[in-house]
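Lettered A, B, C and D in written order, each chain numbered from 1.
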Amino acid sequence: MDFNFTEEQQLLADTVRRFVREGYSFEHRREILKSADGWSRDSWNELAGLGLTALNVPEAHGGLNAGPVDTMLVMNALGEGLVVEPFLAAAVVTPALLSRLNDEKAAADLFPGIATGERIVIFAHQEPGTRGETSHVTTRAEKSGDGYVIDGYKNVVSHGGAADELLVSARTSGKPTDADGISIFRVDPKATGVAVKTYKTIDGQTAADVELKGVKVPASSLVGAAGKAHSAIEGTYEVAISALCAEAVGIMKAVNATTLEYTKSRKQFGVPIAKFQVLQHRMADMFLHSEQALSMSYLAAIKCTDPDRNERVRSLSAAKVVVGQSARFVGQQAIQLHGGMGMTDELMVSHHFKRLTAIDLTLGDTDFHTQRFIATPAG
Amino acid sequence: MDFNFTEEQQLLADTVRRFVREGYSFEHRREILKSADGWSRDSWNELAGLGLTALNVPEAHGGLNAGPVDTMLVMNALGEGLVVEPFLAAAVVTPALLSRLNDEKAAADLFPGIATGERIVIFAHQEPGTRGETSHVTTRAEKSGDGYVIDGYKNVVSHGGAADELLVSARTSGKPTDADGISIFRVDPKATGVAVKTYKTIDGQTAADVELKGVKVPASSLVGAAGKAHSAIEGTYEVAISALCAEAVGIMKAVNATTLEYTKSRKQFGVPIAKFQVLQHRMADMFLHSEQALSMSYLAAIKCTDPDRNERVRSLSAAKVVVGQSARFVGQQAIQLHGGMGMTDELMVSHHFKRLTAIDLTLGDTDFHTQRFIATPAG
Amino acid sequence: MDLNFNAEELAFREEVRTFLREKLPADIAKQIKSGLPIRAQDYTRWQKILHERGWGAPSWPKQFGGTGWGPVQLHIYDEEAAAAGAPRTIPFGLKMVAPVIMAFGNPAQQQRFLPRILSGEDWWCQGYSEPGAGSDLASLKTRAERQGDHYIVNGQKTWNTLGQHADWIFCLVRSDPNAPKQQQGISFLLIDMKTPGITVRPIITMDGAHEVNEVWFENVKVPVENRVGEENKGWTYAKFLLGHERTNIAGVGASKRELERLKAIASKELKNGKPLIEDPLFASRVAQVEIDLIALEITNLRALAQEAEKHAPGPEASVLKIKGTEIQQALTELMMYAVGPYALPFGRASSEEGDLRTVAGPDYAGPLAATYCNFRKVTIYGGSNEIQRNIISQMILGL
Amino acid sequence: MDLNFNAEELAFREEVRTFLREKLPADIAKQIKSGLPIRAQDYTRWQKILHERGWGAPSWPKQFGGTGWGPVQLHIYDEEAAAAGAPRTIPFGLKMVAPVIMAFGNPAQQQRFLPRILSGEDWWCQGYSEPGAGSDLASLKTRAERQGDHYIVNGQKTWNTLGQHADWIFCLVRSDPNAPKQQQGISFLLIDMKTPGITVRPIITMDGAHEVNEVWFENVKVPVENRVGEENKGWTYAKFLLGHERTNIAGVGASKRELERLKAIASKELKNGKPLIEDPLFASRVAQVEIDLIALEITNLRALAQEAEKHAPGPEASVLKIKGTEIQQALTELMMYAVGPYALPFGRASSEEGDLRTVAGPDYAGPLAATYCNFRKVTIYGGSNEIQRNIISQMILGL
């Protein structure tokens, strides 16, 4: 049992924290949010310069082959600064998927560009009605001549509009929620039949709906074995949950600190409101929640690559539940304790709140993961 | 819209409250609890003397033919005093059932003794696994010659041990949870094959398990139409829930008052603990809960005899949910705020707490009634 | 005891329903029933329609052009209007400044201001809160110096709701900075928003809405005749006003309407291929809110009945505020969770345009996250729920 | 970072498991796994078995006959013992008075008292709380007057746990009533329960159990040699003791055992003809506790790791106390609800008889309501959860 991080991990965490503190101020972020794209290529290049885009890429392909604990530390720091660049989508999720699909050609093609940050490859999987169910795929890829024709609709694809290339899950056989029959295809977002509708999301990030209408792709665009992608998708999903949990923990830490500061400085009836016992206990509860969430983010990082599927699923769903509930409580109470000021766009805390809200709505909410936990027997 | 009570109702409430205050002290109750029977025939006679046993008996049979609002007021006052005599079981539930079975002969036989309090007739319906489901009856009554043979098991029958006569629900046809096929039989608890196992319950009341093994009863013991008792049982059940809600409201009122008193007098670090804002807000929440429960006890009293079944079921289940949740919160917090003293048998508050706990476990708990509410469409 | 309305009350309800069915503009009702904001002009349009019917001021006494309705009629009207999708009453003119003018204003002020509030000609806003003074209102700093027949007002108000549309603002100002107690030395002024020196600066809230403002006063000249009541006695009028503010705070009618919307959304959204409303956990959450709302409705009726007898709302209003706002928040939260990831696309609210763009997903998903964010305010404003619990423990529990 | 135990720790766990499998009396384990009380003699029997193995005092240093285990080993031992159904450690001797005697007692006291605690020969109880002084311990009133080489003790202690079995009591007494501050003038005495003038009066709790007592002292003669440390410096030792009291407060092992029991009960109980554990609402409640417990387990391990490095438990212990007790209460509550009406028959607890009669229904139903009632205490004692939140806000948040 050991809760220490290696020196390299400490260094990584310090580096990213410094980047957030010195290179990603609230004002700077505000400028980024106002821009048309909603994210900054310059900041992205800075993250790449720190090695973050290479973090989860295998060494053989120019990466650092780091693990979920490293990702956790990075997400922690990025969460605190509410960094909107596509680190999670492009540098965690996509590498996790690609590594699990065991397709050497695609890996050799894609990983180098991912590692340098030059190419942004985005996994488009979620569909209306998915609600966290990884096998919910109605998009279909029909064999046609030498290739496939893809029809379907992917929704709220994180940073889908930033993609130089999409990895699209589509069903080559089976019924909508069968685990079997799901395949992954490389799709050019500019190809005929692909319509990418980009928009900003409540948390200041960007996402896209991707419509695929009779999109023709060659057989070579299939990544991994046909119909066998589900376990890779599920594994990727666990990695993504782990990263999201770590991000939420970083945010909660910041939110608790700012709430504490605010209540110490804000006076009512001549005394700082932090003197009111009810608010003190509320903040004690916020602390309690974030401590439990921190514990679960550790568990999530350790277990998201566990070879025992049930152990993995139960741990990650449990983590998502605790983090989701904590995020909701901490976020809501932070606004309440900030009073009217907490409602304004002007304070960071409202942005933290919105990102915490978004995290709970992403990759399956608390109810979904409670039910997944119940449905998965202990190992 | 009118929230006032009639003069007669005010008088009734005052009378019962006076009885509790003057004739049913905590010490007196303690003596009753210690007695072998666990309830007092003298106190019962006093209640009868006040007319309470006649309250729900039709006028034609020597009763007062009062309504659920009167019962509510009585239960309120009895709740406050934690009266353990079988008013609910013998003077509310049984008359409600008998009135609904439309059996003139049984009514003429039984009601006069019920009205005077001389005969205690108890409805034995619940079975292991019932959990609030009124149609859950596995006890069977098989035709045999001129009569029936009853086999089955009734559990935690409130005041079953005090019964001079039992009204037993038994299935004359159908499967265990069919609404059709349930009949009511008059059974002498001393008859061959009937085993009544009496015990005290955590709330200071008494109950019994009733085993029926080849119990022979004549055809004349059938009350009402064979196989058609379910709607009468369900109606009785709603009346009983309404009464339980009123009892809980009376208890919560007392519990809130005693908690307020205790926190005002109990000092820690030189100040009354009622000065601590956290405890003040806790008591504000206890008040909030009891106000909502009070509202629902009104609704329950008004709706428990509503001819629209769905409206009735939804209202009563909603009431049981609000009252159950309030009872749990108020009870638990009252103990917490009383600290160690609240744990002791010596203070009334621990007895109030146990009765609130028992009420939530009786006639279907909060989950059961939430589900019944969901399953019943709005009118 | 009878929880049902009597024949007279039922007839009145029918009258209200008929009126709403015939006169409430369909475009406004549609916006509101879809959870979308309406434009300032829509509020005014509706006020004029009400005024034509003689219902411009349901809560005013007849002598000032009100309906003279009692609490139960008011309640029926409020509930029916909310259920039908009528605009909520913007309270600043009708429910806040008007009662003060009626009680403490002189006849000239009453004749000048009240009819224009009734008709919807004047839009009023509130100048109470200041930066640093939230619940502790009496610590306000905005100065009013007497110069002949004018006051010169300098200072800053905040959390001014919809002041960008307002013709008039009522303000608490400090007219005697040397008064021995904070509560003394405050006056109550009515100020024309067109007066030079007034600047309205938007505060954008996290849902993207422009609903509140800062209002800056720089040497703003206010005629003394625009002072209500006596100089330095404003705190009395302010307290009177706050006592009126909690009208219909329970919001049962609006919450019932939102509950229906929640159920409609949860019936359309799917989970595991079945309607979300059939998911046992989600269904239990919806049932919990519905049951709490049933209880609140009766608690509200009880408070009304008490008010009808005693002619004054008591501290029980705090119970209604707490439960009412908790239910409102639960409803916005469940609606947002019902649509899942489609809550994320940010349809920025704009009450100017009276629309909220759904950028992706079903139409009903558009406003849900913004509304969830917006409704965090309801447990903060009008006396935070923490303050309400203080009130209960002081005024009801006697602590 | 690695949440798993290392090879050495795993080997130790195996050693503990083997020992428990071989030596823990089956009758005791059965009682505990059924949620039933055990007799005083069972605690002593188990202490003697542990002592034989050299594990009589897991938390003591080796020099006094302890195991010298570090926090992780202690944790493993505690969790395994709880899971196996071993009796909980009665803390008054082993974990409360012993550390005080080790730190502040003289060699004679150490030699006289410690071995008999280790062997289970002496049963200790606690004389801290007094009526009217709960969390405010320093306001205690029990007097000790020096008369030659004795103190004459008069006063009353309360919330004395299991003192009816005790051979010795350690007491805080006021030896200088004129000290300028409450905390001064307190001494720490060890008193033989057989001394004339001591009366133990049972306090029956609402579950019917006799677990706590009042202890009355009437002119009780206590030799000065039974005072630990200096006269009037007892508050220092008391604080030291309270710092040790929270050991294993999270109670993860016991809660895991109870969670299994809950699942077993909910699998046997039926609802609508199906196992209750398959009811979606009940299943979600069980899952919520299970998930909270997983989180607590890791939070506990984190605290242990920190303790192992810093050698002192910090205010984080308050987090463990709050979450640990909330989970314990949730488990007792769910178990009671699982059996529904069969929770009502009152099987009165009796630790004398080591049994709890099930009067009706399945065996497992017997103790559930009594245990639910009994467990209300866990958020009250050892510093109520309100006090724990005060500690968090003061010591961690710096308020």
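Everything that follows uses one rule, which is that a residue touches a chain if its C-beta (ideal position, glycine included) is under 8 Å from a C-beta of that chain, and two chains touch if they have at least 3 such contacts.
These figures come from a predicted structure and were not determined experimentally.
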Name the chain pair with more contacting C-beta pairs, choosing from B-C and A-B. B-C
Farthest from chain A in C-alpha centre terms, which chain would that be? B
Gap in Å, rounded to a whole number, between the CA centres of chain B and chain A: 53
Dist(centroid_CA(chain B), centroid_CA(chain C)) in Å evaluates to 43
Could you grab the centroid distance between chain B and chain D? Build each centroid from C-alpha atoms only and quote it in angstrom. 39
The positions of chain D in contact with two or more other chains are 281, 284, 386, 389
By the touch rule stated above, which residues of chain A touch at least two different other chains? 276-278, 281, 370-371
In the complex formed with chain A, which residues of chain C make contact? 129, 132, 134-136, 139, 158-159, 203-206, 208, 212, 269-273, 279, 281-282, 336-337, 340-346, 359-361, 369-370, 372-373, 376-377, 379-381, 384-386, 389
Touching residues on chain A, where the partner in the complex is chain D: 1-5, 9, 69, 260, 264, 274-275, 277, 280-281, 283-285, 287-288, 291-296, 298-299, 301-302, 315, 318, 321-322, 370-371, 373-374
Residues of chain B touching chain A in their complex? 276-278, 281
If you look only at chain B, which of its residues touch chain D in the complex? 126, 128-131, 133, 155-156, 176-177, 197, 199-203, 207, 209, 267-270, 276, 278-279, 332, 335-336, 339-340, 342-346, 350-351, 353-354, 357-358, 361-362, 365, 367-368, 370-371
Footprint of chain D on chain C - complex, ascending: 280-281, 284
